[in-house]
Amino acid sequence: MLHFAQFGAGRIGAIHAANLAGCGGRLRHIVDVHAPAAQALAERHGAQVSTTEAALADPEVGAVIIASSTDTHADLVIRAAKAGKAIFCEKPIDLSLARVDECLEAVQAAGVPMLVGFNRRFDPDFAELQRRIQAGAIGAVEQVVITSRDPGPPPVSYIKVSGGLFRDMTIHDFDMARWMLGEEPVEVFATGSNLVDPEIGAAGDIDSAMVVLKTKSGRMATINNSRRAAYGYDQRVEVHGSLGRLIAGNRVGSTVEQADAQAVSTEKPLHFFLERYALAYRAEMLAFIDSVTKGSPMPVGAADGRQALVLADAALRSMAEGRVVRL
Amino acid sequence: MLHFAQFGAGRIGAIHAANLAGCGGRLRHIVDVHAPAAQALAERHGAQVSTTEAALADPEVGAVIIASSTDTHADLVIRAAKAGKAIFCEKPIDLSLARVDECLEAVQAAGVPMLVGFNRRFDPDFAELQRRIQAGAIGAVEQVVITSRDPGPPPVSYIKVSGGLFRDMTIHDFDMARWMLGEEPVEVFATGSNLVDPEIGAAGDIDSAMVVLKTKSGRMATINNSRRAAYGYDQRVEVHGSLGRLIAGNRVGSTVEQADAQAVSTEKPLHFFLERYALAYRAEMLAFIDSVTKGSPMPVGAADGRQALVLADAALRSMAEGRVVRL
Amino acid sequence: MLHFAQFGAGRIGAIHAANLAGCGGRLRHIVDVHAPAAQALAERHGAQVSTTEAALADPEVGAVIIASSTDTHADLVIRAAKAGKAIFCEKPIDLSLARVDECLEAVQAAGVPMLVGFNRRFDPDFAELQRRIQAGAIGAVEQVVITSRDPGPPPVSYIKVSGGLFRDMTIHDFDMARWMLGEEPVEVFATGSNLVDPEIGAAGDIDSAMVVLKTKSGRMATINNSRRAAYGYDQRVEVHGSLGRLIAGNRVGSTVEQADAQAVSTEKPLHFFLERYALAYRAEMLAFIDSVTKGSPMPVGAADGRQALVLADAALRSMAEGRVVRL
Amino acid sequence: MLHFAQFGAGRIGAIHAANLAGCGGRLRHIVDVHAPAAQALAERHGAQVSTTEAALADPEVGAVIIASSTDTHADLVIRAAKAGKAIFCEKPIDLSLARVDECLEAVQAAGVPMLVGFNRRFDPDFAELQRRIQAGAIGAVEQVVITSRDPGPPPVSYIKVSGGLFRDMTIHDFDMARWMLGEEPVEVFATGSNLVDPEIGAAGDIDSAMVVLKTKSGRMATINNSRRAAYGYDQRVEVHGSLGRLIAGNRVGSTVEQADAQAVSTEKPLHFFLERYALAYRAEMLAFIDSVTKGSPMPVGAADGRQALVLADAALRSMAEGRVVRL
């Protein structure tokens, strides 16, 4: 049985801790600057509130979950690597590519396994779509269309430390595009606007974006993003190949369809990531524990986290310069 | 925390035991004539293998789950009632109405709460449909159409002890019809055929049926049943009211849609009840524990189990006599 | 080119006259007791207003369309047959089976071709469903579920001369059931209620019904009817076979799907038969002209019109006596 | 009644001629270099085969339809304008912007009305989507996603005279984007690949493309194109606004859904533009005749034809230079 220390006892931390327990893991240490949150989560899972030092020094601990604030990720990755722990790190590793590279070096030097929390790779719909691509259902992939729209914008205080739309939100879509394209993008074009909330613009960020990626062999992906979707979290992927098309759509709470004097209607998509990706978070934890236990490669590793950031940085540059950025 | 004794360690028993653990219950005793199954389930959940006597004598046990073979249900219900335990009983209570009445008397005399395992009442789709009826979304209910088709027939050995299609399979649909009609049926018409497996006919049963129910105010329900659906478990409910229509459809494993040179296709419905009603089984256990704990009425009780059997018996008589049976 | 005389210049007559013109027919005579309607339709299509006698005496006329009020159909069929004209007769031929038999004799004696206007046989969706049954897509047919609901009830004055729900409305569904079952029903069960409009009940009719039909080999069909559907004309057919299921659904005016803060919605079904069966009426006329021209059998003939009425009469008796009527 | 001369008796010419007849127009002259085609179409519609001179000299002719090969459009537009005829011109007006401007000048000088054949503006689904935008159903438009994929590539001989993908195929999508955005794009980014047919690449063209457009206020549109879709013509538009989302999907031949041991499937989209846009072509002709007759503005005029070409030219430049082209 794999024993864990977890950094971060917030909303996403609570999810990982619960999944860990349900997946045959054992949580020993919770570390969080916010003591009451740490205490509550520790009690719920029979863990103890610890310091980073104590948690990493515990020889029983085989793995860490890094679900604290983004600015702490890199430091914790490096320290966990040096302590020889397997690492489950929420995205992004860091907002600075240089810092990410330091993490990758530390992880490589220590020879520890690391998973980066691109939850969508574990979503049953996207995973089934990917499985069919692999099975040849649509022949050679040619174009990918990714729709990724949040139900509503976060507070501007969050926007300011988020690294901007491309590094904070689109980063998931960059990873999805890489996964679905089956090839590395070598050209990036991006543009964006401030259409949703003027305060986001005032903070120097955009809230609406469109991106086009292209691989060496000419495959293309396009991403459309918005910080607002009145009907809920809109997360769809469409892949076109030489033999056909695959679409993974949104999930709803129930299959109920209502027909009345107005229209024929079904439920809105599940509201946001906690609902939509509940199954994905669980599958992600299972995959992490499975890889650590068996010593098999992580399904999505540190290099994937780095590459998505490379694309986000290229998107920023493309938007600023109004041109394609070649990688 | 509610402590349980469970009778039956088979397929459905394993589900209830797992849900119980996940819903804050504690399993203390497992009773099963098949020792290895009892042993395995007991080990998985930290329970002990017991006899019926020992299990019911344990004062720590507040509730029992009866998930053993149908012919043992009534005896266990009566004994559990006398022992003062809350009762979760898989459907049917018994195939004989007289025996069911003995159970109801025992339960009433003991004043213990009892839930009958009509899992579909806890299915999120049917529950949402019912919630909308209650909310007035379609006005007064007028007609109900229930589609209920198994992916494939059970072995004839099972058919022989099942009580026949109406008592074994349609019984769920009778309960669903009562729930959706919001009124008690007073007229029953049923007919059936042997179209799927000649051995079922040779065993004196049917494998395909159509039923029409009518309430005193003139509301109607129709049920179509088959022991075979090449595309998987087909479980749909359609309710028509004065202001509109509600449909609850099948669930699929993924939202992936494939378009190719042949067609545009989606996945088949989830294969059978274990998959389709996984969420329902869990919600059912939660509701049971909640009702026992709070002393609130069971959402579906012994009288509901009885009434569904009354309808099944009436259906048998209707089919035999080619006429409407009035209740 | 086939030349026509048409009886009836009302709503459905206008449709047939227009289709006839678009299908290579030529309308010569319009007969209607309501002179202005006859005049208007005659002018629109370059025809002349005539009497029945004159129209039937015209040797140029090869075919008649009977789209006048129901009580005139039988007389016109017999006179047209005697005049040697091919006959396109709106359903029903007559409300009396004896009278229908007189028509069939006259048609047979004259050796003229006759099509009965069961428009649904020509609906592209139902026709495609039937084509797939024939192609073996779902193996042997086992059960048919027909949903047939009008958007709103007709005036009671119409109800009073309609022959009642089974002969007026369900008659289409009886024909559909026969077509989809691929076998003749030998057992009929029907029940009904007055749920929509008390005046319909006061007029001695029902407005809501459920029917079950069974063939000799045990195939079954169920029909649900209502004179009211708040969301528009609901016309669906579902056929279950040994290898799968086919469903033909409703048609909508546009494919537009709207997602907003309330729901994800699509348009209501096309409002009523004029909209829903517009394509069917045209295909029906093409098939009639084609059969007359080539001398090939009518796709749906006088015997089909008779058999649907036999089922309607049996349904009435079944409802009155609360039992299965065997044919 | 409006009398017409038509240039071009090919596939699209035959459609226009038939629609014209059904919309209350009268075809007098057919002009085509291919005499047998001209003869056949003339006979079908009671017109005469003429020369351009004779057709334009006929004072009875109030309008012309230009459905001949692209390289003849501009010359015919200018001559028809000088002859004072109303002009229905298939897209594109010409592949050269300079030449298009000559046409616009001639049309303006003559004061004749002109419709450019952007058929999709008349598609009932896209028109309904547009109607809802106008009605405020989704608030302010923010992003548009256009999917436009042909079932298969045309012969390379056609590619060579087509003006390239952007001018030949995407031009429709540029017009659609302008229409849906409700603002003029001022930035164009485009990229493309040769993925479908190497001969298209050898001919100097692309067969797969992605485009991003942006308006002054920051609204964005993205277009994905391919010359191949194994499942048929894929023509969808998705518009996101501040209050919701509208999608117009593909049309199918029937609503039949089949469930079997493999999957649940529906028909492929209608095969190509002749099938998909049949209703649009008819509505387009009605709109043209209506505008000419009433003297009301054309729903899509010469300036729209010009602007779509401006965007196509900008796309070509953007792809060549790897940068945003600002208009």
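Chains here go by letter, A, B, C and D, matching the order in which they are written, and residues are numbered from 1 within each.
Here is the rule we go by: a contact is a pair of C-beta atoms (placed from the backbone, for glycine too) under 8 Å apart; a residue touches a chain by one contact, two chains touch by 3 or more.
Given the structure is predicted, the values throughout are model-derived calculations rather than measurements.
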Longest centre-to-centre distance from chain D, chain (CA-based): B
Chain pair with the higher count of C-beta pairs in contact (B-D, B-C): B-C
Rounded Å distance between chain B and chain D, as computed from the means of their C-alpha atoms: 58
Chain B-chain C separation of Cα centroids, rounded to whole Å: 41
For chain D, residues that touch 2 or more chains besides their own: 138, 230-231, 234, 243-245, 258-261
Chain D contact footprint on chain C (complex, rising order): 22, 124-125, 128-129, 132, 137-138, 243-251, 253-261
In the complex with chain C, residue positions of chain A that touch it: 229-231, 234, 258-269
Chain D - residues contacting chain A, complex: 138-140, 142-143, 145, 147, 149, 187, 189, 191, 193-196, 208-210, 212, 214, 218-220, 222, 224, 226, 228-231, 234, 238, 240, 242-245, 322-324, 326
